[in-house]
């Protein structure tokens, strides 16, 4: 069930262009730890998820960004996390410290989406992302991608999709206004 | 049959990028009411549609935008409604009160596509949308998305797809002209 | 076999965004006539093609653009025709009388792609398109779409795909140069 | 297995828009030669790959770009090669001699992606591409597309996908900055 859910959501993320290649990762909280995508696996055709305990050594086969997921589960009550690389959200992240959606779903879900900075794979970034998620269910890491968290994988995916939709609208709007 | 049609059209809407995540909804008129997508369901993988009577309480599981669909069925003879979030149509909606397609299908189907405003979930918006659909089978709600209506789900979907195609061409054209 | 080929190519055209909704059509030459997509059918989920004789009345169920296909078969030796609505090709068609690809496939296949004008559904447009295809296997009708012809459906589809690829590169290039 | 892998990767390349029509090709090294896509076959629906010996005549059914693949295998230890036509990478190739990704995956994988020039189908281009791949696993041929090489088809595909992602971000970023 857990593996089927992960594949179902991975297929959606890939179909919407929110991840490409074997990038991005997802995880689901369990007692004493969480299940996460394997390193190098494709989100849309994952092999079975791998269990990571909340404390102690991280299995080598686990996704490279496992420490971010672990920090999120340590400091928040979310049950699932989606990390994606949505191109419009990444592009906007270079030019501002927060994104303010103008579409009505974006405005409702996220009046402001925080943009944070940090070096991939570091504990500092893990803490920064987890801290940002305490105030909002999604955050953009500058030049890298989004982390969204929710009560379920479906919720974390829908939030990711909504962030990219909002950012795409914002970029189209800049292009239109400029050419007006 | 009804549920299969809904899924078939939902798959098309998602494949063309007219909806993302679990946004958008569709409905089909019946005697004394209509069937509509369930709240939070994915258009491309819906569970069975839920019946909403034309009068009286709206079931809680029904889509959040059910009141717009009900107002459309109350005031027009359409048999099906598609509500989508096409990004180019939404982007254009911020800068004008009507969209005038320049592609030949757009010109034929919709010499002018009205842009209306209103707060999501309100009866005022429901009335505004339904009123606009009395003169034209499609309307864009500013910053939100399209409502298209027709004699069948297929017709309402094709109209939605044509509106987004027209808006995409208009935006590309602005970009080209500007860079000329 | 003919119907399966038509569906296979229709699925490719839709997957690449070369047609949306139920727009676009394809045909395959036969003795004394040709088979063409039915009116309102989806290219990617067509019902069986319908036979149109080279002379005489056109069946009502045949695609709205049947007269263009008939004129092409009357005046050229092509065996198959694909009519699509590729957005970048349409956008470029508004600003020039011919498109000159800069990508290497485009340069090889089409040093110049002619842009013609005409009212959809008229015999004048049918003659204009057929005449243009005598010198080049593809042509763009301003504000409308492409007609490509070849020895097979596969060839006509690949040409269509190459035209849109070339036009997309040209538009991206204009956007990049301008922002340089 | 080899043919199934080729189809699996071809489907991914097509789904991500890295190839269109029947363009692009892939190969896998073997003892004394390599297997490559057949000429005119679709990457996402290839017939079985064809064997090309490392020395001597090239079978006629082999992909038109077989000499590039052969030169890569002759001069490097890579086990697989992917040649694609990613539109954003091609567009950027016109305006610079190297692409410098700004997204964090791009920066890690390719601080600089070289852009080379050459006429398709020539031995000169084959040598230029193979030489560039000695210093970096991916290269862009101006106005044409990418060659990426790796220890496996999966690796060469993921690199291709990452190059296009980086180029897409760069183009979006130029558009945003300009409109700021």
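Per-chain residue numbering starts at 1, and chain names A, B, C and D are given in the order in which the chains are listed.
Convention: contacts are C-beta pairs under 8 Å (C-beta built on N, C-alpha and C of every residue); 3 or more make two chains touch, one makes a residue touch a chain.
Here the structure is a predicted model, which means the values were calculated and not measured.
Any chain bridging chain C and chain D, meaning touching each of them, is missing here; the list is empty. Taking shared numbers over all numbers used, the chain A to chain B interface scores under half, which places it in the different class.
In this assembly, the chain whose C-alpha centre lies farthest from chain C is A. Centre-to-centre separation between chain B and chain D, using Cα means, comes to 41 Å. The distance from the centre of chain B to the centre of chain C, with each centre set as the mean of the Cα atoms, comes to 29 Å. Touching two or more other chains at once are residues 175, 177-178 of chain A.
In terms of which chains touch, the assembly is arranged as a closed ring, every chain touching its two neighbours and no others.
Chains touching one another form the pairs A-B, A-D, B-C, C-D.
Of all residues in chain C, only 12, 15-16, 102-105, 107-108, 154, 157-158, 161-162, 164-165, 168-169, 172-173, 175-180 touch chain D in the complex they form. By the touch criterion given at the top, residues 14, 17, 20-23, 42, 85, 87-88, 90-92, 94-95, 120, 141, 143-144, 171, 174-175, 177-178 of chain C touch chain B in their complex.
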